[in-house]
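Just below is one structure, and these are the notes that go with it.
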């Protein structure tokens, strides 16, 4: 059987997933056969061009037309369009992968998780960093008890693309469309890794900050009317209604102390997602910009060992290249798609699913609430 | 004129300062002449031995006998003995250097700062990391505006000497004697660097945690009576009444976001005091375990530049060795003593003084209060 | 027009190039259309399986049948089969890409280069590391004079897959099949980078060493007769007739001092190809295990700047992902195929071609001759 | 008994050894008592000033007057004055420490070693890097067999203080006074470490290079007559008669492959002495600019472990500070002086002695001879 995949969204994430689907046959021959069936978008010209490049059979401008026609629906749109199409697909019994964060508010996320529960089909929240070989390897070390009892989790995700106050406004700066800023976009990944590697967040204290309150609108984002006006030299700006950076303190289950941080103002850091964990028997460190490496302090050793996680018996590696031939960021999507599509095919459980996405959303909401109230907040 | 220095305490800090005093003539010939005049302690035998090794002329078992006899009084005892001798010395008009944190509670710190104010003589809180050449260089970069407007300060101080639950109890585990744990011992340094490099803390949200509630007492710490008992095989333990680790979020003056953390449970880290700062034009990173290096992102560059801060025109370096001949931890004490003694000699202002120590103490107290109340607390 | 590609070899390199060809349409839409037309090998069953997985239309067991049928012939076999099929293809007017080193001896390489010259079609020697974005970026820096006059080139390529004396014999241990060992397999890459980045080798002093003289034969490599014998418990071994490691000193054109080294006995190094260059105005460092990074000392700076070469205007990067989303080893093959196929399509010059391969072969031969004679040898 | 030490030379090395002597009582209380007895130099005013600062009792302008008056004679002058005073001291039965390299030519070094042999007193060639705790720790690992059989030694020593062609001429650029350039000044250290850690050099192939043939003379170096002339605007230069950089390939005893390199033209490197060793069971890496760290690949581990060699049971560390409180470059001199003076006091053997210095000198001479002859040369 060939799984027909329908994909909503054809920009950055659309390309990342299309590439992943295209690479499965050569590298994961035991994956189910997949057809890039239909690409969904609103701008017909751009859509046709994208479908051609990304290898889709057909296109559609209304997601409602496709959600019951495909064997898997990938919702890769902005956060505020995660809920409705995903719920519709689930109601049609179609497995759904949604980009992260699961939704732009907690209520939508809850509805999505309920729809997943009712549908009883596999769902995925696309926390792709769970599929970095080095982090899978880390997960195995922790599960095998090699770090002992965990005391500390420290995670931060640093970018700098908004440090220039003239960097243009985009949907990622809008609470309505994105829910939150660095918190939901970057922090969601870190919180998911905390849950994946260590455990659930029980209570949090959050701090959110917007450094630049409004940003210029690029022509392409300007409503037609205002562009027609034309006679004014005034620069058009739009309000930034989300955080540029957040930090959080947390207590995880089992009494683990945790700190979180993300920023779009961390000058010099492009995509620096870093994790550190300290346990009673060992520690580990990871950074996404060196994603083939894991630094591990093993019991009995004196310092961190820099492990290049590219050996044949490392997670997913035998599918690729010999030791020392490093993988890139995009490979995480191949692994993620492999696991999700295999679960659809086999009926096996898949994680991170919508429940995992909801758990992260609860933490995001608690951090925002904590920031507003100025006090610690329990995560449901 | 030769300055007579009296020193209370002859263990770790006593050795560090005695060494600093001994090295001034060869490397800082413009420093005032100094005599290691009197060493103060309670155990006469150990004291005599230490005085001999550390090069002191005489010894005394009561600090009250020396504070008005010397030109500078160094209080290097445990935190709970910082206040009385220091205040007595100041009342005698003697300049005082106190080890950090300034006191074990805010009230004592306030009395010390008041005594300093009344005395009108130089005082020092021994935040020696201000005297790392790389951090002085960093300070100059920031003051020259090379990082632009500061957005983020991130500081953490990681050690692991308590990760073993069988590590013995010491005065550092006692609230009565130390005031706090990782917070006051390590966090005080980080908070001082935040103030030195960026600015005052305005409000904080703190989190403190004790992982191990009681620890075995080593024989030398056991009260005589219980040792005499002897018949029991029971291990004697004492309660840990301070934090093993803390974290904090803060807002610094000018709206800078800051995060702080310290732990004595960070397996694999011995003395890892690390600072990161992001500004609108650049960033910097520092770690005490590589204290000769500063990583700087300069405006117009793309990545961090690893600067070995050992050139002749780097702070303090011309006193030592040619470029690339690295300095160690102890050199910070030489620089600190040079500056403090020069200030005593010249009457110039010296920082960090007791007011700086008090400012840090206010932040420590606010973090503790925030942790207890579960909400943000303003720093006075 | 669609270019039909015929590929000899379906193991490691076959997979690397097939993947590269498969990825062009999505990421390099301006590349010529390509058909993975025919896969060539001797073992029909394995071949059919590989062709299916790697996406080839047909298979062939004799390269002679395909070299004039295709628009590009890729010779990815062991070194000793580089010459004949490549020459036959060139004589048929077919552009050829050969894996490196160009041949297993200088005479064969010369015949290949002559055939290329006569054919007047594009050729490629597959020195894929020229296509690492960070090394292209380095090349641009050097050409723009940012390092000034070059004084030093230092290159080394460290692996460890033969450090175990029980690691099995393979064709790579045979002078007859491979020409040389670490020298030709790894050193060829380093010498090519020296030529690409700095200039030709003028004279060399070489040192070759075989640490383990014979190695066990795996069953699959054992001639049938000896396997039939069976009654003997004796382990079968085969002689190692190539170097396990080499080093070389060289003088490059313009008086640049150079050192080279490679080993298959460098315990702890999997695929560590590292380059360092020092010039009068700057320096740079690169390591293949962190291939997204380049360390650059710029004129006026004090230390190396760690540049993540993933910005949109870095070489090839705009075809892939946003800044900080790192590429892997395999991407070098995509860039290499893109350039070579584009040159076939456009008739533009392509490098590294067979002449470049020959120049490297001359250096390899000179190093071997120098090692045998114990003296410096000029490179023709 | 107090050992009287006489020191010839009061610049860089004079200060380094005077500091070491001054620090012994506080940190190495079991060292013999030492008096900085007499400082020897030619310029009386500068000498008196230096003696005052460095803590010497007296001064002398003729070394011949002091060599039989002291219990240890330190010869810290330029290389060409190592031989005569050292031999005179030995003939007077006085133990001698000579800075490295032992002499500026092989014949002088041989005479010095013969004098040492005849005298039967301890001698030292001041290869201070043997006394870096991390390298002592490395030595112990190797002796304990933790790296297995050694295959590779790689050493390089990079500086950049001559990269500017206008950097002034000094005695270090004169063959007559220094013997060689980077080779003897820097390479001597690396060769000594190869011998210390792995074994003797058996044969070498060397390459020496002078990038800048003449350099400007600073006023202080200009002979009086030419300064008087004055009427000419011509810049005075002097010929550089030593190498600016060298490289060497070598075979060490037991068949170990080795490569060596040093340069004063390695832009961006101040004092970067780096060592790498690969054995059948493990590997290690060291760099002087991070001298508290050793990177070790242990048997059974996958990557290098970054060890901070500052634990109480690491070599020499218990004399200094708690774990993580890093040492600097100068501490190597304290350890060296401690060991040498203890050997004088106890009559125990001391290494590296003049025989070790001679062994290094033979290697230096062989490298120079190899460079001149263009062929491999056996090291006697």
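We call the chains A, B, C and D, going by the order they appear; numbering starts again at 1 in every chain.
In the analysis below, a contact is a pair of C-beta atoms (placed from the backbone, for glycine too) under 8 Å apart; a residue touches a chain by one contact, two chains touch by 3 or more.
Quick caveat: nothing in here was measured; it's all calculated off a predicted structure.
Of the two interfaces, A-D and B-D, the higher number of touching C-beta pairs belongs to B-D.
Taking the mean of C-alpha positions as each chain's centre, the chain lying farthest from the centre of subunit B is C.
Each chain gets one centre point, the mean of its Cα atoms, and the points for subunit A and subunit B are 42 Å apart. Inter-chain spacing, taken between the CA centroids of subunit A and subunit D, is 55 Å. Chain centres here are Cα means. That of subunit B falls 37 Å from that of subunit D. Of all residues in subunit C, those that touch two or more other chains are 269, 303-304, 308, 311. Partner subunit D is touched in their complex by these residues of subunit A: 298, 301-308, 311. Interface residues of subunit A facing subunit B in the complex, by the touch rule stated above, are 151-152, 154, 156, 160, 163, 205, 207, 209, 211, 245, 247-249, 251, 255, 257, 259, 261, 263, 265-269, 278-283, 297, 303-304, 374-376. Remark: subunit A residues 12, 15-16, 18-19, 22-23, 25-27, 29, 53-55, 159, 161, 269-272, 288-292, 308, 310, 320-331 touch subunit C in the complex.
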